[in-house]
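Next come two complexes, and both contain chain A; in the first it sits with chain B, in the second with chain C.
The block that comes next holds the complex of A and B.
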C-alpha cells in the first residue's frame, strides 16, 4: 500500500466508532476493562449481528424450504439472501457453489468424506503443511486410514514463513489434493495461495484452502485465488457460531456424492433407491442452522459497511506495533515473524509457561490464548509444547497492546 | 483500597502461585526416570498438550521404593508432580491411592486439609504442603493441571500405561 492510500485509509477508520458497535467491549472482567485479544479463536459480535438474530427469532422465524405460508417464505428468503451475501463476499460464480455447514471443521470433513472417498485411492498423495490446524489434518488422517492414501508434509521456516520452493518439492505426479491454511492461526503467516494453485493444477491436483483466518484479515476472491475449495467459519468473522461455508467449484461439487443423508437433500426417496437434489441442497441434509446463516449474512453486511482497505491498514499497524512492543518484555521470544503476516502473534516467555501467563493476564482483564492452538505438528516442529497468542481484530487498539505488555511485565514478576 | 493494595496481585493469584508452588515449579524434585522401574505411565492433557511420564519401582510387598517424573508443563502441573513424587517415596501403593483421592478433593474444594489428613493420616505432613495446590479451586480451567500427574500416578500403579485428564 502506498503512503497516500495508507493515510486515506486512516481517515476512513475510527476504531472508537467500531468499538461502540460491540456491546461486550464495554464490560469489565475481574473489575478491569476487558482487553480481548483472542479474536482468532472467536471474534466478538457487533450489535447489528445480535439484533438481526434477535429479530429473526422474535419476528420472522419458521423452518425453511417447507411451509407454504408467509413466515416460512420469509425465513427461507432471508436464509437464501444470506447465501447470496456469502457468494458476493467471496466472489463465487454462483450461489449453487455456496454450501452451508456448521463450521470450517465440518466443511473440511465434508470434502474429505465425499470427495476424498470417491476420488482418492491407495497410494495417492495429499499435501499439507506443518502449520495446519487439527481440523485440516485429522480429516485427512481419517481418509488415510480408510483408503491407504499418503500424507505429505511441506515444512515451515523458523520465522514461520512457508516457501513455494518447498511446495514444488513435495507436489508431484501422485498428488491428488493440496490442503492448506490461507493464514496460520498460530503464526499469522499468509500462504502464497495463487502460486500453490499453479503447482497443484499443473499435476492435476485440487487445492483446498482453509480460510478461517484468511477471510478475516483481507478480501477474498475465490476465483482470483484459483483454488478449488475454500472453507471458513462464521464465528471468526464477527458472526454466530454453528454456521460455516464450503465453497467449491460447481463442476467438482457436481461429481461428489452426498455427505449426509436426510431431509432437504433429496429429489426422490424410494425403497428402490433415492436420488439427490441439486446443488447446494445435496450437501445440506436436515434442518439447517437457519438463524445462524442469517446472522452470518448480517456480519457480512457489517463488514461491507467498513472500508476494508482501512481495516486491513489498521490491523497491519496493530501487528507492527505489537512486534515492536512485545520484545520489551524480558525473556519474551516472538514466534512467527514472516514478512507480511496477519495480526496474530504467538510468543513464549522464558521461565513462565503460557498457561500460567494466561491465568495471570486474565486477572488484569487481558484475554490471550495459551496452548497448542490445535496445531500439535507445528508445536513439535517449533520445539515448544505451547505458546501464548494475542490476536487482533478490527476493534483492537494500540492501547490494548500497551495493556498486554504492561500485564506481561507484571505477570513475569510474579512467575519468574 | 490503599495505593499499596492496588499494586499487589489479586489474592486468588497469590494463593494459586504460592512460594512453594513456584519453588517446586522452577526447581522440580525427582525430575528423572526411576532406575529399574517396575511401573510406568504417561499422562496427557489433550486440552493443552501438557505431558508427564511417571515411573516407579514398587516392591513385591507394595511399597513405592522410588518415584519420579519427566515432562513439560505449567508451574502448577510441574509443582504438583514434584510434590507428589517427594511425598510418596517409601509409602504403600494403597496410601498413594488414598492420597490421590484426598488431593482431588483439595483441588476441587470437596475436602479441606483436616479432612484430607483424616483420610491419609500417615501422610499428614505431606498434605500440609500439598494443600498449596488447592489454590486452583478459584481457577476451574487449571484444576486439571494440578491433577494430571496424579492421574498418571494411579494409572502407573495400576499397571496401565496412559492416563488422560479427559475421562
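The block that comes next holds the complex of A and C.
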C-alpha cells in the first residue's frame, strides 16, 4: 500500500465508531474494562448481527425450502440471500459453489470424506504444512487410515515463514491434494496461496485452503487465488457459531459423492436407489443452520460497510505495534515473526507457563489464549509445549496492546 | 520405581489455617502471590516419577501425581509445570493429607475451594489438569479404602 492510500485509509477508519457497534466491548470483567485479544479463536459480534439473528427468530422464522406459506418463503429467501452474499464476498462464480456447513472443520471433513474417499487411493500423497490447525490435519489422518494414502509435510522456518521452494520439494507426481492454511492461527504467517496453487496444479493436484484466519484479515477472491476449495467459519468473521462455508469449484463438487444422507439433499428416494439433488443441496442434508446462515450474511454486510483497506491497515498497524511493545516484557520471546504476517501474535515468557499467564492476565480483564492452539505438530517443531497468543480484530486498539503489556509485566512479577 | 522412598507432601498449615490466611488477602494479586508461594515450598518431584503412568493429562498444563500413605493416613506427592497449579496442589495437600482414605473420597473439594475464592480453578472448562487431579486423588483414595 502506498503512503497516499495508507493515509486515506486511516482517514476512513474510526475504531471507536466500530467499537460502539460491539455491545460486549463495553462490559467489564473482574471489574476491569474488557480487553478482548482472542478474536482469532472467535470474534465478537456487532449489534447488526445480533439484531438480525433476533429479528430472524422473532419475526421471520420457519423451516426453509418447500414451505408453501409466507414465513417459509421469507425464511428461505433470507437464507438463500445470505448464500449470495457469501458468493459475492469471496467472488465465487456461482451460488451453486457455496455449501453451508456447521464450520470450517465440517467443511474440511466433508472434502476429506467425499472427495478423499472417491479420488484418493493408497500411495497417493496429501501435502500439508507443519503449521496446520488440527482441523486441517486430523481429517487427512482419518483418510490416510481409511485409504493408505501418505501425508507429506512442508516444514516451517524458525521465524514462522514458509518457503515456496519447500513446497516445490514436497509436491510431486504422487501429490493428489495440497491442504494449507491461508493464515496460521498460531503464527500469523500468510501463505503464498497463488504460488502453491501453481505448483499443485502443475502436477494435477487440487488445492484446499483453510481460510478461517485468512478471510478475516484480507479480501479473498477464490478465483484470483486459483485454489480448488476454500473453507471458513462464520464465528471468526464476526458472525454466529454453527455456520461455515465450503467453497469448491463446481466441476469438482459435481464429481463428489454426498457426504451425509438425509432430507433436502435428494432428488428421489426409492428402495431401488436414491438420486441426489443438484449443488449445493447435495451436500446439505437435513434442516440447515438457518438463522446462523442469515447471521453470517449480516456479518458480511457489516464487513462490507467498512473500508476493508482501512481495516487491513489498522490491523497491520496493531501487529506492528505489538511486535514493538511486547519485547518490553522481560523474558518474552515472540513466536512467529514472518514478514507481512497477520494480526495474530504468539509468545512465551521464560519461567511462566502460558496457562498461568493467561490466568493472571484475566484478572486484569485481558483475554488471551494459551495452549497448543490445536497445532501440536507446530508446537513440537517450535520446541514448546504451549504458547500464549494475542490476536487483534478490527475493533482492537493500541491502548489494548498497552494494557496487555502492562498486565504481562505484572503477571511476570507474580509468576517468575 | 519405589514410591516408598519418595517424599510425600507434608503440609505445614491445616486447610482451616489456609482458609484464614486467604481470608486476610483482599486483592487478587495477593491471593495469587500467596498461592504461588505455597507451591514453591512443595518438595520437588524427581523426574523419575514424571512418567506416563503418573501424568494427568490436561489441555494446558501437565500434572504428575503419585499416591502414597495408608488408608488411615492418606498422602500424595505431585508436581506441575504450571506455577499456579503447583499452588493448587499445595492447597489440595492441606485438604487431603493425613485424612483417612474414606474421608478423602468424601471431601467436597469444590466447596472447599469456593471457600478460598479459588473455585474458578475447579471449573471443568479450565481443563488445566487440576480437575482431573482431584478425580485421580479420589479414585486412589477409594481404591485404598477398599484394600
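Following the convention adopted for this analysis, the second predicted complex is superposed on the first by the 416 of 416 C-alpha atoms of A that agree within 3 Å, B and C clash if a C-alpha of one lies under 4 Å from a C-alpha of the other, contacts with A are read in each partner's own complex, and residues count from 1 in each chain.
Operating definition for what follows: a contact is a pair of C-beta atoms (placed from the backbone, for glycine too) under 8 Å apart; a residue touches a chain by one contact, two chains touch by 3 or more.
Keep in mind that this is a model prediction, so the values were computed, not measured.
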- In the superposition on chain A, see if there is space for chain B and chain C together, and answer fit or clash. clash
- Message: Quick one: is A:414 in contact with chain B, with chain C, with both, or with neither? Answer first, second, both or neither.
- Response: both
- Is A:237 in contact with chain B, with chain C, with both, or with neither (first, second, both, neither)? neither
- So, A:179: does it touch chain B (first), chain C (second), both, or neither? neither
- Query: So, A:376: does it touch chain B (first), chain C (second), both, or neither?
  - Reply: first
- Query: Once the complexes are superposed, what residues of chain A are shared between the chain B interface and the chain C interface?
  - Reply: 30, 352-356, 359-360, 363, 370-372, 385-386, 414-415
- Quick one: which bits of chain C touch chain A in the complex? Just the residue numbers, please. 28-29, 32-33, 36, 59-62, 81-85, 128
- Query: Which residues of chain A touch chain B in their complex?
  - Reply: 30, 351-356, 359-360, 363, 370-372, 376, 379, 385-386, 414-415
- Could you pull out which chain A residues touch chain C in their complex? 30, 352-356, 359-360, 363, 370-372, 385-386, 410, 414-415
- Message: Show me the residue ranges of chain B that touch chain A in the complex, using the header's touch definition.
- Response: 9-10, 12-13, 16-17, 22, 26, 47-51, 72-76, 139, 141-142, 145
